[in-house]
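Next, two complexes with chain A in common: one pairs it with chain B, the other with chain C.
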Partner chain A sequence: MKFISGAVRRSAIAAVFMTVPVTAFSEQAPTIDHFSLDNGLEVVVIPDRRAPVVTHMLWYKVGSADEDPGKSGIAHFFEHLMFKGTANHGPGEFSARIADVGGRENAFTSYDYTAYFQQVAPSELRTMMEFEADRMTNLVLTEEVIGPERDVIIEERNSRVESDPSSLLSEEVSATLYQNHPYRIPVIGWMHEIKQLNREDAIDFYKRYYAPNNAVLVVAGDVDTAEVREMATDIYGAIPRGPDLEERIRPTEPEQNTKRTVELTDARVAVPSFSKRWVVPSYRTAEPGEAEALDILSEVLGGGIRSRIYQELIVKQGIASSAGAYYQGTSLDDTSFGVWGSPRGDATLEQVETAIDAEIAKIVADGVTEEEVEKAKKRYLRSMIFARDDQSGMARIYGAALTTGSTVEDVANWTDKIREVTPAAVQQAAKKYLDERRSVAGYLLPQESK
Partner chain B sequence: MKFISGAVRRSAIAAVFMTVPVTAFSEQAPTIDHFSLDNGLEVVVIPDRRAPVVTHMLWYKVGSADEDPGKSGIAHFFEHLMFKGTANHGPGEFSARIADVGGRENAFTSYDYTAYFQQVAPSELRTMMEFEADRMTNLVLTEEVIGPERDVIIEERNSRVESDPSSLLSEEVSATLYQNHPYRIPVIGWMHEIKQLNREDAIDFYKRYYAPNNAVLVVAGDVDTAEVREMATDIYGAIPRGPDLEERIRPTEPEQNTKRTVELTDARVAVPSFSKRWVVPSYRTAEPGEAEALDILSEVLGGGIRSRIYQELIVKQGIASSAGAYYQGTSLDDTSFGVWGSPRGDATLEQVETAIDAEIAKIVADGVTEEEVEKAKKRYLRSMIFARDDQSGMARIYGAALTTGSTVEDVANWTDKIREVTPAAVQQAAKKYLDERRSVAGYLLPQESK
Partner chain C sequence: MMASTKMQMNSGLSRLSQFLATVLLAVAFVTMPAILSARAAVDIQEVKSDSGVTAWLVEDYTVPIVTVRFSFKGGSTQDPAGKEGLANLMTGLFDEGAGDLDSDAFQERLDEVGAEMRFSATRDSIYGEMRMLAEERENAFELLQLAVTSPRFDQEPVDRIRGQINTRIQRDMRDPNSLGMEKFAQAIYGDHPYARRSDGTIESLGSITTDDLHAFHKRIFARGKLNVAVVGAIDAETLKNELDRVFGSLPQDPDLTKIDRIQPKLGQLVNYPYDLPQATLQFVYPGLEREDPEFFPAFIMNHVLGGGTFSSRLFNEVREKRGLAYGVGSGLQTSDYADALIIGTSTRADRAQEALDVLRETIAKVADEGITDEELATAKTYLIGAYPINNLDSSTAVASTLLELQRDKLGIDYIDRRVGYIEGVTKQQVKDAAQRLLTADPAILVVGPEMPKAE
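Then we have the complex of A and B:
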């Protein structure tokens, strides 16, 4: 299914954001049930009685950044293999069942997690659990399964990355931004390494990472908490605990001292675009309050039509057709903060870059106003409330948080923490992290022009 | 002792070159004795009767590119630990003995190998072997040894890298150039990872890599081949074979699609400088003849005062104080080709870059002349003969070749292969590899100027 990349285009970012922010349920938070089974499976149950629907998500604490060197793409490849059938169910049988009962399903792989998702009528929850628990241990991994699926992934990479200059650029911006950390490597994997992935890699990966003590079950919907607990204990609880896993410690970034640029010129580019990224702390790695300040900074600077970048570049100067900022805070390790823009009409990419740089410089020099910060908080919290209102959005927030080092308590306290962000903290975050001398800019250019 | 980095300054490059080219002994090659002991130790004996001196070098097939992720610097750190004493000899005893007999010693770590070197009177060869064989297995690795030596390395990095903007820039150019391969990581290691290296890391590294079946002994000098063979069998042959090592397969580069720049601005920079690098094949990874063509290309383009870059930028235009090109062909994996220059007088860095780019473009478009190639070959072969003339130079050529995937035969055939390089092959190498769209440029700039 899909992989979540670090692409800098707004559409991709939006997709990431759905899974990303560690948020909460404001004042009217439902009573979350949170417990662990004896085999180590962590379970979160979120009652949501508004419609007769249940979301069943199983999250594994493994993503592309956990891959061994030279094995890029195995996490995402493995996600595909999970649909290939087990000792008990033929290939596609699980998906067919979901379709039969009018449900929907998906799966996704990111740097830090891999998740499997079904949305069905509550009466089908037990069946979903049975299928999902079954493929945690009984997957059939023969050459007949591996070979053709690898071709599918190669084709996926061809169509989504190789033929898309903006994706190719985005990959190399990441590879330049991270000098040591595996976020450098694309989630889908480098093509030449995907081509080498084999049955042994798949089996090793399965044995190592697919076990109840490396997973988080999130069930949201029209369910009775006690019933879910019983059902999960009954079905998932029967799976033996896997081997103990080492702590997820990846190589970290050295001190960065340089300003870098990455430029891709391609005849297929119709509209040029610019991006700039920095390595910044994530919710897990930040000092208290810093990640929240970065979230509000991204909102003030470039989060939607009320932001400084939008107002200045699009509304006032009219030099950009799109522009904004983002912060990917829900990451196990230090993550990135980015800005981007595309010129409009006769404006040049350089004008867009200069104008965005100027907005950053203004915040660094003069800070932001109390009013701006309050409005940004409101917008941000409102978008979180909106995400909460979607059942699968709720499930995703918990799953992403719990697989990137945050806790259920962190999620519950998140809105309060956002409310505490001060204008001074926002300015300080910009000053500390958005340093031109440690930035990486990406330029996507049409053939023969700049 | 010293580490060999990928620094782009001429001085550093010269040092690398001493160990780098896979060369041969032209017509009058001495009779090399080459054999392996039962425990897997490979031995090369090079008679050189001109002076009563012998060079004893032990090369291990392990360098910084073999380090585990997050453990950067352990290969170089370990090189230091080898001087710290064994169960049989106190710290510094080996070095004291060498000094006592008027000898000299050194050691160095590179991406692909670590080597230990002594030059003494032939009568001392047995003693050198005994000390060197002893520290292959009997090293004392206590906390008392590890802690203080780590501080020495930290200080070494502080004085050689952290306080030198050109070294800092060079590191980040490498980290940008290699998106996946460990040549991305500095030989000395990232500071934050050096600080974490511990006794367990050192013991693991020692057990894994320091064994006769992972080493090459090179003895050059005033020795009798049969005697050396007997002595080596007697002393090194007594060491048991170590565990079998996996093939040295490191992650390789993905297809690169972008043009990148890396810029460091620092008040300590007196003279700005420019460099540009590309990933190119090494002698081991190249198609037949390609590495030789890259060697001649580097010579024609920027190897000394007869080269195009020197003649154009320094002699004719007078815009550069120094400029040149290099190719690091002796590498286990794909390596780099580079050009560099510093402006002179009122000339700008941009002028230097433009002029160097123009020289490359001319070769790509119009090729090189037969006469240029012949002269470049002669210069190149002469420099190799010069290197050969130095006893330790000879030993280094063999050691570097044998630890980076070349054979004694490759070394013997190398001059013939260089002679076969054609102008068309040189042009083709430039066209294929020196593509602006896949280059990484480094800019070292004084504060507040460009």
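Then we have the complex of A and C:
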């Protein structure tokens, strides 16, 4: 799947497109249309008329963190089952129709949302809406499709996690970092629970969460906003509103007072690496300005090749092959801030960790400079202009924001909020949240080193 | 392989991909030729500068940015023996100092200007790309000119980037899939440069000097085998001047070592035994050249067999019906010196034999019977309609497509012609192409459980 292109060395910044609500927008920026249908479906239309392509995305406000205990993986499993046909269209008919017109389709599941998308010629938009609206309520799930698809999911877990020591460790670090909140459970689910998922679980999940009043439609590309409004009203508007959903209140984290470490040793690991994470507020849960300060902090500390960690560890000391920091701000509940690093040459993992800790301590003690903050802001702001070059990326920015408790206005005001961040706020965020005594460190080690 | 030596390993994008559990996983190692559609309403201008540099330009002012992408023929296949990894190392160094600016000064300037610049080496070419804000166009092109014409290759950055690549080589040397792939490449390509790792080895990388880098740069960076594509807020006259500025002072002809074409050695089973939860299977069949008269029939055949939709035969047989794998697919690979049809999947270790059998049967059926009328019709509409969606939805995608069209020498009017090429393909032609490619005894790679010898 394509996110922001050109994201090789600037990947940390590029990630921001996906993880923070973003808007650009110089005077020439397109006018975004935003409205709700009577049945509760929220709609965002982002015109981009350069190429005869439209991205049609339907986002549901349900993800793995909404699953019932013991049913881990059902949100993602269900996402796969949405491709199995409805009362009106047999299995594979929707996909075949998309393929017929040269379209592209896929779906993805995260902690807080599940989204389905197609990219097609604008003349096919109506058809896509018809099929997508149809499977919101008319899905047919037989035992025959459940078994093989569960096997597919098991292989997916094998591919993504079991075959990759760093993914296995990352799961364990999350499970340790969140002591009570469901972000401790992997999106794809634990293997032993995936194996137990069945048709009844899927049907329950569908009935509970798949309804227009729990969804956001995002249409980006070569379209006229008025036409989309009419089409969406006509097609999606015909679906009756579902029962009111409970507010998305998940178990919250207790006060964390321990420093924890998780270690994984594996024969497939040649070069050790480490990561450290903290629970921090998200854009939805933060005090005003705090999430923006965390974004600037992650950029100054370890966001790219001009960051402190990169310059100090990789360029000046020459002890790391890779190192950096990130903040995952687009999240319904409290989220995480992290740093990572891997040694180079004769350096040890311990040296890398010590050097990263030192960079954090320096910011806590002495703060960051006005110049660093201004440069970080400038990078974010111009990234927004680059973001406008990619229609599906824009659709994702809005979809992710609206399913994690942000609004279209939040997205529009984000650049202004970023401009307001002060060096003092960045220092304060580091001081308040990057406390060693409540961190979780993960160590990925080669077999012989221990 | 990308020369993203400074790639931030664990940063947002890779983390994000863990969270975004997508439905289809692309099969590694497979490239799809760019195919254009009549609906691709792009107006391509050919721009020729005074110094003779030609670029294809799509002028568009919707977003105030300019994207430029270019390639020089000669990638890691041009690495001298014993200096494997040279092309790849070089591409990690273009923003590490050029002209009067040392590494730090160059990067600081690039950051101020707000341009994104990157270089990479494939087996066959060196690629460069820059994305800039239109208002900083002149400053950005000035930096690009410095990088292209006067890279410094100072010792400190050379050693640093080398150290980063060494770390990656060490990682790969413990990774069963990477090791299996290397063994497979050696079995298929023998002593041809395609058998070598583009990263090189720790020894070969260690032997590379700054003189080697300067000499290599001089050999490859020439106007004669240069292609350029530009998209965005820039007009033809302005572009002409920028082309002269960036590329005008390069020598006319590159000094390329002649590389022979090679037929991949098929009819062999390569096992890389390792105790893993999944077996990775890869089949290599004969391919064909881009200019081959049977290219389009083969392309349609590949699409039906395992092309990138949720409706291919392999997808249905391996995943939908049996749940044997998450990802499965096939692709035609057309490189400068070899062609191949590659089929791959990762499947649970205890059912690897079953997956292998299903792959074989599915392939044999297409080879014996060809495809149906309906499959042919559907494939044609897909391949005609898919172009603008897969190739035109961003400036970067358009630039990339225009560059590949030039590299393949398909002509500026190719867009208008290719619908006809696809529509003209008959069922019999597809069957003939299937017979030609799929009846061969393939080379098979199995990483994971030990497999019985191929019959």
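Operating definition for what follows: the second predicted complex is superposed on the first by the 421 of 450 C-alpha atoms of A that agree within 3 Å, B and C clash if a C-alpha of one lies under 4 Å from a C-alpha of the other, contacts with A are read in each partner's own complex, and residues count from 1 in each chain.
Quick note on the criterion: contacts are C-beta pairs under 8 Å (C-beta built on N, C-alpha and C of every residue); 3 or more make two chains touch, one makes a residue touch a chain.
Since the model is a prediction, treat every value here as computed from it, not as a measurement.
After overlaying the two complexes on the shared chain, residue contacts for A:243 are found with neither chain B nor chain C. Of the two partner chains, chain C is the only one that A:105 touches; chain B does not reach it. In the superposition on chain A, A:251 makes contact with chain B only, while chain C stays out of contact range.
In the superposition on chain A, A:437 makes contact with chain B only, not with chain C. Once the two complexes are overlaid on the shared chain, A:306 sits against chain C while remaining clear of chain B. By the touch criterion stated above, A:96 is placed in contact with chain C alone, chain B being left untouched.
When the two structures are aligned on the shared chain, A:315 is found in touch with chain C, with no touch to chain B.
Touch criterion met: A:172 reaches chain B, while chain C stays clear of it.
Looking at the superposed arrangement, the partner reaching more residues of chain A, out of chain B and chain C, is C. Those residues of chain B whose C-beta lies close enough to touch chain A in the complex are 69-70, 72, 168-169, 171-172, 175-176, 179-180, 182, 184-185, 190-193, 249-252, 254-265, 437.
The touching residues of chain C, when paired with chain A in their complex, are 2, 4, 6-16, 18-25, 37, 39-42, 60, 62-65, 67, 103-104, 107-108, 111, 114, 116, 118, 129, 131, 133, 159-160, 163-164, 166-168, 170-177, 276-278, 309-311, 319-327, 346-348, 378, 381-390, 392-398. On the side of chain A, the complex with chain C involves touching residues 1, 3, 5-12, 14-16, 18-19, 26, 28, 48-53, 55, 76, 79-80, 83, 92, 95-96, 98-111, 119-121, 147-156, 158-160, 162-163, 166-167, 170, 187-188, 221, 267-271, 273, 275, 304-306, 310, 314-315, 318, 321-322, 324, 326, 328, 338, 340, 342-345, 375, 378-379, 382, 385-386, 388-393, 446.
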